[in-house]
Each structure stands twice: as C-alpha cells, then as structure tokens.
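Order of writing sets the labels: A, B and C. Residues in every chain begin at 1.
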Amino acid sequence: MATTRVLEWLGRLYIWLLLAFLYLPIIIMALMSFNVSPFYQLPFEWTTEWYASLWQNDQLIAATWNSVEIAVITTIVCTVLGSAASLALYRYEFRGKKFLQALLFPPIAIPWLITGTAMLIFFFGVGIGRGLHAILLGHVALALPYVIVVVSARLQTFAPELEEAARSLGANQWQVTWRVTLPWIMPGVIAGGLFAFAVSFDQFVVSYFLATPGQTTLPVEIYAAIRKGFTPEINAVSTIIIVVSMALMLLTARFFKFGGEK
Amino acid sequence: MAAATASRSGLRSALPLLAPAYLWLTVAIFLPLSAMVFFSFMTELPLSGKPWAFTLGNYAAFFSQSLYLTLLLASLRLGLEVTLWCIVIGYPAAYVLAKVLKGRSREAIFLLVILPFWSNGLVRIFSWAMVLREGGILDTALNAVLPFKINIDLMYSYPAVIIGLVHSYVPYMVLTCYLTLQAIDDSLIEAGRSLGASRLQVLKRVIIPLSMPGLVAGAALIFVPVVGSFMEPRILGGRTGTFYGTVIEDQFVAVFNWPLGAALSFILLAVVLVILAAASPVLKRAA
Amino acid sequence: MRMPDLTALLTATAVFTSALAFAAKADEVHVLNWKGYGTDEPWAVEAFEKATGNKVINDFFNSEQEMLTKIRTNPGLYDVVMINAAFNDQAMDGKLIQPIDTSKLPNYADISKDKAGSPMLVHDGKVYGVPWVWGLTALAINEKSFDKPPTSIAEMWDAAHKGRVVIRDDAVEAVQFGAIATGQNINDIKDMDAVKTKLTSLMPQIKTFWSSENDWNQMVASNQIDIGTYWSGSADRAKTHFKLPVSLVVPQEGAVAWLDAFSIPVGAKNVAGAEAFINYMIDPKFYVEWVTKVGAPVSANTKAVEALPEDAFNRKVMGDPEVAKRIQFQAPITDAQREAYLALWQQLKVDVK
C-alpha cells in the first residue's frame, strides 16, 4: 500500500508543522530571556543577567510556587469532581439534565473580567475574602466546566454494553465504574486535567481580583509588571517552567500509557 | 441504546456524583454571577454609596446604540473564523495523532501539543509581536528566502488577532477530537474499506460522524470564550482591535459602570447560548 | 459513596488554607500604588525599613477605579494609598480616606504652596492628600525619525507619520488631548464637536493604542513609531534609564498636567507608620536617588527639585516658567463626563475599524 505510506508520511510532516507553529512564540520567548534588551530589541546580545536577577526576585519566585500549588490542587479537584459529574450526566436520565448541561457554559462564556469582579464582590460579601484560598475556589470553578465537557465528549464514544456485560458477570456498580468505565475514559480525564492545569496556571484576571499583597500568583505578578516594570525575568521564569514541565511530561510519557492504547 | 441504560435510574442515583461539582460551581460562580445579574438591573452600584433604583436601561442601552450591535456581530464573526481555522488545522492533526502515530511517540506528542498552554498568555502575545511586526522574524525570514522584496507587517491588524487566537485555542480542538477519534475501532474503518468504500467515503460516513462529539465540544470550547475575548484583540489588533469584549472591559475598568458592563455581558451570554442551542440539532443531524 | 468523602477532604483542605489567610500587623505599612512607581523600589524600602523598623508591603492597582474598589473592599488593610489629585474628591466623598496631621510630616513645609494648598486635596482646612510628584501627558518622539524636534501638536496629524502615531487607550486622556489640539480648556470643554472632528481626523494616522509604558518602549525600541502621547516621567526614564531614542516635547499648544498625592485610608491600622512613610517619600534624599537610579516625575517638594543637578530634565525643562504657562492641571471629572468621553472614544474606535 504505497498510498498509505505516503499519507502516513504526510501526516507526520503535518504534525511537525503544527508543533512548529505552536512552539514559534515559545522559542522566541526563551530566546528573549537571554537577550540584553528588556524591550526585545535586536540585534541579539547574549546575557544570563535575567536569570541571575530572577534568582534574587523572591516575590516572583514565591508567586510562581503559589501558581504551581494552586494549579496542581485545581487539577486534582477538577478531574475528580468533573469526571464524577460527567459520569452522572452520561449514565442517568432525569428532569433538568439539559439545564445542568447548559449551566456549564456561563463560566466559559462570561468574560473572566466579569466573573472575577462578581467573585470579588460575593466573596467579600459572604466573608470568604481574598487570598490563596479564594483563588483556589475560583480556579476550580472556572476549570470544572472544561473538564466536564472534555470527559463527556470521551464518554459519548463509550459502549454501554460493556457496563452491562460486566454487570451480568456479577460486578457491582463500583467495580463496573472502576474496572470498565474509568479505564475507557482515562484519556479524557487526563486531557481534562491538562486543561484544568492550563486554565489555572495561566489565569490572571480572576486571580488578579482575588489576590492579596502577600499572596499572589505568577500571572498576577506579570500583569502588574507589564504596566511599568516588565523585564525579561518574566521570560526567564516562563522558560524554566516550560523546560521543567516538558521534562516531566516526557518522563511521564516514557513510563505511563494513557493515550488509550487498545 | 444509551437511553435504555440511562432511564433505568434517575436523579437520586445521579445526585451523589453531581452534587460536589455543582455545589462548588454554585458557590464560586453561579451565586456571584447572580449578584451580577441583580446589578445589571440597577442604576448605580450599591457599593458606590449613591442611591440606586431598578432599571431596564442598561439592557435598553444595547439596542439604542448601533455601536454595541456592530461590535457584537464583529465578535461573533471573529469567534466563527477562529473556530473554523481551529477545525481546519486541528482536526487533521488529531486524526494523525489518533490513527497514524503509534506507541510512545503518540503520548509524547499529545503532551507537547498542550504544553504551550502552560506558558503565560501575555508573554506569548508579546512574542507574537516579535514575529509579526515589520522587520520582525516572519518579515526577515521570508525576505531571506524569497528572491524579491516584500514587506510583511501583520502586527496591529485583524489577521494578527486571528493568528494569536488560533494559536491559543487550537490545542483544544486537537485534544477533544483526539479523544473521540482514538475511540473509533480500527476494524470499522477496515471493514468500510474492504467493502469497497473510498478513503473519502470512509471519512465522510464513518470517521467524521463518530468523532462528532469531540468536534462539537472543541468548537464550543473555542467559540464561546473567543467571542468575549478582549486581551488578544486589544494588544494584537491595534487600531482594529476594538471588539465587544473590549467595550465590556472599558465599562468595568475605565468608567466603573458595572451595571452596564454586566448587562452587556449577559446579552452576550444569551446570544451565545441561543447560537449553541440552534446549532445543536443541526450538528446532531450531521452526526 | 467514596466521592463525597473525597470532596469533604478537599473542602477541608480549602478551609484549612483559608485559616492561614493574611492579617495586617501593626508594624507593617501596607502601601497601594502603581507598580514600579517609587514606593516599591527595593533600595528605598530597605532604607525606610532600616530607619523606622516598619516593614513595607506593596500592593498595586492598574486603574484609579480599581484602586478605589480595593480600598472599599479591604477596609483596614492599607495604610498608605497613592491617589491622583483629581480622584481625591471621590475618595473623600466615599469616606475612604482620613485627614492627615501634617505636623507629623517634617518635609511637608517644603511642598510648593500652590500644590499643598490645592483645593483638590484640602477640604474645610483639612488635608486629605500630601502632594508627592507631578508630571505631564505631553508628546514624545522617536529621535531617529526627526532631525529637529517638532514644536506643534499638529505634527501628530502630519501625513508623513501616517501609521506611525500612537495615543493611549484612555477616553479622558484622548478627549483632553483633543481639547488642547483645538485650543480649549481641558477642564471646561465648550465645543465637543470640534474635539470629535479633530480626533476623527487623527484616527487614520494611528498605529495602535498603547496602554503601558512597556508598550511604548517596545515600539520605539523596534522603530515602529515616530510620535505619540506619553507621560513626562516615562519619557525621561526611557531616555536616561533605558537609553532609548526618546525625547519629550511640550507642544506650544500646551499639555495636560496631573498631580499625584498620598492619602491615609479610613481605618488604617498603622497611621504613625503611614506618616513616616509619606514623609520619607517626599524627602529630597529619596527623590534624588529615585531620579538618578530610575527616573521619576517632578517632586512637589521644592527642596527636592533644587537638590537635582541644574541641567536635570525635571529641573530644566519641567521647571521652565515658559512650560509652566502652557500646561493645564487636570481637575476632577464627574462620572457623567467620564461616561460621555468613553462613549465618544468608543465610537471613534469603532468608526476607524
């Protein structure tokens, strides 16, 4: 099958082109973290001063750790709660289900600016206040709809006969879910988790409203910095994050299978 | 067939699974947004200490000035264009990822696609400015290759907004389509082929219908936030970067008119929901 | 069911985190200001902390309205807040700031009389704001694009600069700029149609609307623009600190001037610390160091300005009596005016799309 081979080859080429498109700005971001000019000015002059000053910038480092922590907790909470909810929406039929599904869209559709303002007022009003706990509360709520939509899309491809078959072999509801359904939707759950992490980690509007002076996240620091004090330290910290997460991801890919291999 | 399993049990069985997620959403989003709905019917913000009254004026403002409708249409067009580009670019990539690549390399690439997401959105936009501007990387690279001189200055234009948004959102499409494409049994495709169907027919009759849920989910996750986006248009669009999302932002940030800003966003939400509702039967029929 | 158990655990985690939430301490001074605007300079914070034993904690805002919201929604959190004089009224009316006992501020006596006595800051003989620095929203040019600096605002409309002009994305600033270009008083615009016509003809010239100092500096560093509106302090910083080819032009038609001042919010927990901090901020020693190391607007303290070298920009250009005659200080703007300006500005931006 010569055509098949040519098509496969073209497919691979296409993936690499897409990756090139996706990574173009990332590479520039990384290059500029080694450039002397804080205004991305060319010609390029090599320096590591931004990494050195980043090392001294306790505030930025603390904010980065806050972001990582919040994103990790958000990811865990969202994948658990989101998968459970998707399962319920898939498995059971009840009145008001369509409404519950439609409710997932306001958090995505309303610009984050409005959601953030609304959260600030409401949290202030009911005494939740501002700070890392409020940011976490907000991030989970923002990322949940994404997880539910993504996991639900995966569930649509699930064959209910599999559950029936397992049940007829004497498995109880919990075993069916754990042994049959969950492995099938796992790629969806992983993808949902990756979404949740991204939504939280890059979320600046809502965090901005809910952060307090001592408790901020990286995007909040960056947003405040572009007003006056933007320096390539931001590029430096972003580059470190990308390189570390790339290493972690490739390591994960090396040891786990989660792409839904059959 | 799903209905047979589904109707067996009702809300009572669903509740324990649903409650945690929806309770969380209620406390952190639905209640705050309800407060905003309330504000959108007020003349003044209670926080400002001024006397206030109920009014429909904030919603009437949308219809009394042609500006808002013009911008809403421009934003909807932007959402549609970005979504289409994401389908055109993302769907084939998802197909290759799900059906052509095998083994470890697939997992690695799957992760590589989502990784750019984890960099900061603002820094990404600044980097695009480096690429797109006159004398930027695209301009320089093309002039180095091409025998004739061209001037590429895409920065501060509508195409720049499209490029920036497609870059940010195409991974959504790749991932959601991948999830449903990967679930299609290869034997179905082979069966189709052995029965004499051409590649195109298999694509049209088997692959696209079966992967539809992923395509729809991806499209919704892209279209909905892009219509309300304000940061990318503002920074990359320059003079042409005024959209519905940016006027909402102005109401909140520049003049502190939250009631009007909130009313404008709920109109946006209503329009988006109507579009999703109208599109769903069409998409179901296509599937 | 296992799910709810897990949820309970996670909720407990969230509640636990909230117990660690932040509380203001007595020997801390919480400052609210623009980022990178003097109060958060590490050397200054260090010197102040060493001298007084107070710890400085900075928080930032990105617009005046946001600043007011932050004070409103965090009563008792901030001790010092930097407020543009034109917004002082609004903060005072909202009972957000308290009168300041200027006898506790030794440097207050050196503040220039016209600024200290500004009716925007003093109400019923009580001082609600201590003038800190002032500056201009004027024009700045990319030196590479001009042999000789222009003198007139009309340069912005010159066809030679088409697509290389910038203006800030701010309705009030745009309208007041239009007022100056049409020879009107910025605080009492009589002929709004003239402003609109003037700005409409400017729109096709524009490359983009800038929103931060960083935007401006990036564009000039990559030689994408010729001329645009800019803040005096930023233009000076771009030139002296970042070595960019930028210079400020105060056009013969005039320029908009603004005054920034410090206030103490109602319910501040550390008023003594706040007073010490404000006094330090208007001290000549701090000011000279700020100008030299970073670049800054003009101090309201006359002794501080006199402490600068004679040819310093803030002394020579900004202190020039000819310049003083041309500038117009921004007065408070009502909400209705602000909304009308925004409506006009949005319409202009949509029309040019």
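Some notes on this structure:
Just so it is clear, a contact is a pair of C-beta atoms (placed from the backbone, for glycine too) under 8 Å apart; a residue touches a chain by one contact, two chains touch by 3 or more.
Keep in mind it's a predicted model, so treat the numbers as computed, not measured.
If you take chain A and chain C together, the chains in touch with both are B.
The interface with the greater number of C-beta contacts, when A-B is set against B-C, is A-B.
Centroid distances from chain B, each centroid being the mean of CA atoms, peak for C. Note: centroid distance chain B to chain C, computed from Cα atoms, is 36 Å.
Taking each chain's centre as the mean of its C-alpha atoms, chain A lies 15 Å from chain B. Shared interface positions of chain C, i.e. residues touching 2 or more other chains, are given as 3, 7, 62, 69, 73, 218, 222. Under the contact definition stated at the top, the residues of chain A that touch 2 or more other chains are 40, 81, 84, 121, 137, 223, 226. Looking at chain B, residues 17, 20, 47, 126, 129, 253 sit in touch with two or more other chains. The part of chain C that touches chain A in the complex is made up of residues 2-3, 6-7, 10, 13-15, 17-18, 20-22, 30, 34-37, 57-60, 62, 69, 73-74, 77, 212-214, 217-218, 220-222, 242, 244. For chain B in complex with chain C, the touching residues are 16-17, 19-20, 47-49, 65, 67, 70-71, 74, 126, 129, 133-136, 155-156, 234, 238-242, 247, 250-251, 253-257.
By the touch criterion stated above, chain C contacts chain B in their complex at residues 1, 3-4, 7, 62-63, 65-66, 68-69, 72-73, 93-95, 169-171, 203, 206-209, 211, 218, 222-224, 335, 338-339, 342-343, 346-347, 349-350, 352-353. Across the complex, chain A meets chain B through its residues 7-8, 11-12, 14-15, 18-19, 21-26, 28-29, 32, 40, 81-82, 84-85, 87-96, 100, 102-103, 105-111, 113-115, 117-119, 121-123, 125, 137-138, 140-142, 144-146, 148-150, 152-154, 156-158, 160-161, 163-164, 187-188, 191, 194-195, 197-198, 201-202, 204, 218-219, 222-223, 226, 234-235, 238, 241-242, 245-246, 249-250, 252-254, 256-262. Considering their complex, residues 37-42, 73, 76-77, 80-81, 84, 120-121, 124, 128-134, 136-137, 174, 212-215, 223-230 of chain A touch chain C.
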